[in-house]
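Read the structure below first, then the notes.
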Amino acid sequence: MLFHVRMDVNIPKDMPKEEADQIKMTEKAYSQALQQQGKWRHLWRITGQYSNISIFDVDSNEELHNLLQALPLYPYMNIEVMALNRHPSSVRDSDA
Amino acid sequence: MLFHVRMDVNIPKDMPKEEADQIKMTEKAYSQALQQQGKWRHLWRITGQYSNISIFDVDSNEELHNLLQALPLYPYMNIEVMALNRHPSSVRDSDA
Amino acid sequence: MLFHVRMDVNIPKDMPKEEADQIKMTEKAYSQALQQQGKWRHLWRITGQYSNISIFDVDSNEELHNLLQALPLYPYMNIEVMALNRHPSSVRDSDA
Amino acid sequence: MLFHVRMDVNIPKDMPKEEADQIKMTEKAYSQALQQQGKWRHLWRITGQYSNISIFDVDSNEELHNLLQALPLYPYMNIEVMALNRHPSSVRDSDA
Amino acid sequence: MLFHVRMDVNIPKDMPKEEADQIKMTEKAYSQALQQQGKWRHLWRITGQYSNISIFDVDSNEELHNLLQALPLYPYMNIEVMALNRHPSSVRDSDA
Amino acid sequence: MLFHVRMDVNIPKDMPKEEADQIKMTEKAYSQALQQQGKWRHLWRITGQYSNISIFDVDSNEELHNLLQALPLYPYMNIEVMALNRHPSSVRDSDA
Amino acid sequence: MLFHVRMDVNIPKDMPKEEADQIKMTEKAYSQALQQQGKWRHLWRITGQYSNISIFDVDSNEELHNLLQALPLYPYMNIEVMALNRHPSSVRDSDA
Amino acid sequence: MLFHVRMDVNIPKDMPKEEADQIKMTEKAYSQALQQQGKWRHLWRITGQYSNISIFDVDSNEELHNLLQALPLYPYMNIEVMALNRHPSSVRDSDA
Amino acid sequence: MLFHVRMDVNIPKDMPKEEADQIKMTEKAYSQALQQQGKWRHLWRITGQYSNISIFDVDSNEELHNLLQALPLYPYMNIEVMALNRHPSSVRDSDA
Amino acid sequence: MLFHVRMDVNIPKDMPKEEADQIKMTEKAYSQALQQQGKWRHLWRITGQYSNISIFDVDSNEELHNLLQALPLYPYMNIEVMALNRHPSSVRDSDA
């Protein structure tokens, strides 16, 4: 089941650089693990912004919430979720 | 080069059904041709709405505009375009 | 899987009364059938508005979209969908 | 009498973890007591957000205000209230 | 129980003047009857707009919805409802 | 002359409790004096929010501004003013 | 007493040209009479829009409403009213 | 050439009172000098807000920007600029 | 003097094609004449929309308003004007 | 390929003046280098605001993102990007 997620990151300017770097490194590893498992199907940067557009492929709303809440950057992000469906004009059976 | 496009369709309620069906059929064929060519990389329906989220992979803004303007439903759609980049945490070389 | 759906109804003022009454009657029957099946778990009127707040319990985004799209009033409604989760503080196992 | 309440929680990032945990624990106990009494009829998490959608069943606006104002997280929440009615198409006498 | 209601009136410009006058006359009589009964406690015009701010004193959300839905101008109005409480600093026991 | 005023209070979370209590106590006394004089005709709490809806009856914009600016909570409030008129359908000569 | 008024004019495109010209001519005469009387103190066009910013100097909200409602273009305008005060830094006693 | 400028002032609550008073005094002197020169044609307080509506009469966008940027309160204000024209219905040759 | 202008075109769907084509042809000629004279310095299409971003170089607000109001598509456009200045970091004396 | 970029600068008020001056000086040098290379085609100040409108001419979304992210003021700016096309009515072959 597909979901469109937009994440806007806003790290406080007074967070020490080492702490921020540590969180971003953990975030990257976590994100790449989910991509390898096929849960986080797409991940794009929005041009000019510290924001991304992501497509998740999960079994339930519950699973999506748990994945998002576990993001190391979760406390510093604004997240918007939008449910998606396969489009009747898509040429692929599963357009994930 | 990737672009995130949202299309909200609003066909006038007084358009004769045959005319609307004809436009939708042409739209579907046109969309599928672009998908086959790899220009229209993803096409999802937003749950509960007559709207879609699409990812286009084009050579320029010019090409994107021409593809969108040629959509049979173009006169009946509201379109929003957002430029995308490969994300530094993506596990794929070309995450199209 | 639960979804929060808001529907704002806007029937054109020039629709003949019989046609409008017919659509509303079919809508009511359809809605009540879905409620009996447990798909449409709650249905409330927003005070002072021709709008409702509904809770759907479905197996997938796909199923929700199909149920909504089949609403007789669908062409005359603005619909907003929001995915929900069981809340960790809820006292019920399945707070549908 | 039913009310639809949306609560968005925003705990200051510099609040000591013990203090935050204490408030959340008290909040959970308070919320569950109200649920047991049938005042707080439903409580759902919005997917991907530190927010909930709740349905309250109270005798008056006054009672609702007092219940909300007594929430341990009240100083850290943005709250929106919307009055609800039984819907004429609901299949239940009291769709709380 | 008090509610703050804002009504913005928008009568279609092509409605025949007699029909519009008839609706407005019925509206006025209906409004004045409710004022006499103490249900519609205050009624003010917003300066420069075809809109009013009203205070209703009713027994339930249900009663408020029924009163509003029965307004002769109801099909031509946008209505917003906001629940009110007695304010702890008010000098009157029942500041209706 | 009547004005509709909405005040949203936002006291900084780091203000010492004694200071906040002192300001609120002075605010209450000030508000009640204006109510006794008939300047502050109505004062209602918005359900679920630290906000009020007030009706002022003053001689001029100047007088209203001076009354509002002298509120002890003025530095911590967002204030919106809307001019009101007697409504032609009101049953009272002076619906203050 | 001063008020800041913004008027956005929106004449229906299907109104016959003679009718529109007639309304605009009456509007101009009416506006100029009020300017001569000192009620309508300033009248500016917003660059690039069929909109104006006006300053009215009236005795009451009531008077302002009556002047605005009598505008020949009133049914075709969106109007916003904002109460003004003399500014304490103004160099003029009555900065109308 | 006329411009409509709205300034919303927001002095940080932790600025020492002497510093704030000093800035406001300088601001007042600066504003009055510009009024005397005929550059700052009108200056009104918005009722109930720490905001003003001003009309500037300058030779160019450049001059306007320089005047605004030199305001002592400039770092603490949100400023919106709107170009104005003489209105064809104005009774004055130069309605500044 | 430079102005940033955004124009969103919205031609009624029921305008006969010949009439629309005629207006567009006149618009194009008019626009190109102004470009040749150096008044309309830049003209760009917004990707995916029937909208443009333009830069005008005019002597006054008055001149800009007259140029815009004379656009053949003026009755079918929404126009937003924003005053611009030379930027202190620009490498060109006159960055028009 | 052209992009329209709006940057709103918001330097924290508690940043030491030397630090702010240093960042602005580096920003200016960086911006002028990009202008010299023809990447940053236009740069205008919005009248009355610490904001600019810029036109970039780059080979890809990727290049634009990298240029923007490298701005010394990037952590203190809100940036909005909009893709542009040559306009069919433009008199210039490449209206950059």
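The chains carry the letters A, B, C, D, E, F, G, H, I and J, assigned in the order they are written, with residues numbered from 1 in each.
Note that in this section a residue touches a chain if its C-beta (ideal position, glycine included) is under 8 Å from a C-beta of that chain, and two chains touch if they have at least 3 such contacts.
All values derive from a computational prediction rather than experimental measurement.
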Chain I reached from chain A - shortest hop count over touching chains: 2
Partner chains shared by chain C and chain G (touch criterion as defined above): E
Far-end chain from chain C, centres as C-alpha averages: H
Rounded Å distance between chain C and chain H, as computed from the means of their C-alpha atoms: 51
Centroid spacing, where centroids are CA-atom means, of chain C and chain E in whole angstrom: 28
Multi-chain contact sites of chain J, meaning residues that touch two or more partners: 2, 45, 47-48, 61, 64-65, 81-86
Which chain pairs touch, all of them: A-B, A-C, A-D, A-J, B-C, B-I, B-J, C-D, C-E, D-E, D-F, E-F, E-G, F-G, F-H, G-H, G-I, H-I, H-J, I-J
Chain B contact footprint on chain C (complex, rising order): 5, 12, 61, 64-65, 68-69, 75, 79-81
Complex interface listing, chain I residues touching chain B: 13, 45, 47-49
Chain A partner contacts - residues on chain C that touch it in the complex: 1-3, 60-62, 64-65, 81-86
Touch list for chain G against partner chain H, complex: 2, 4, 27-28, 31-32, 35-36, 42-48, 52-53, 55, 82-92, 95
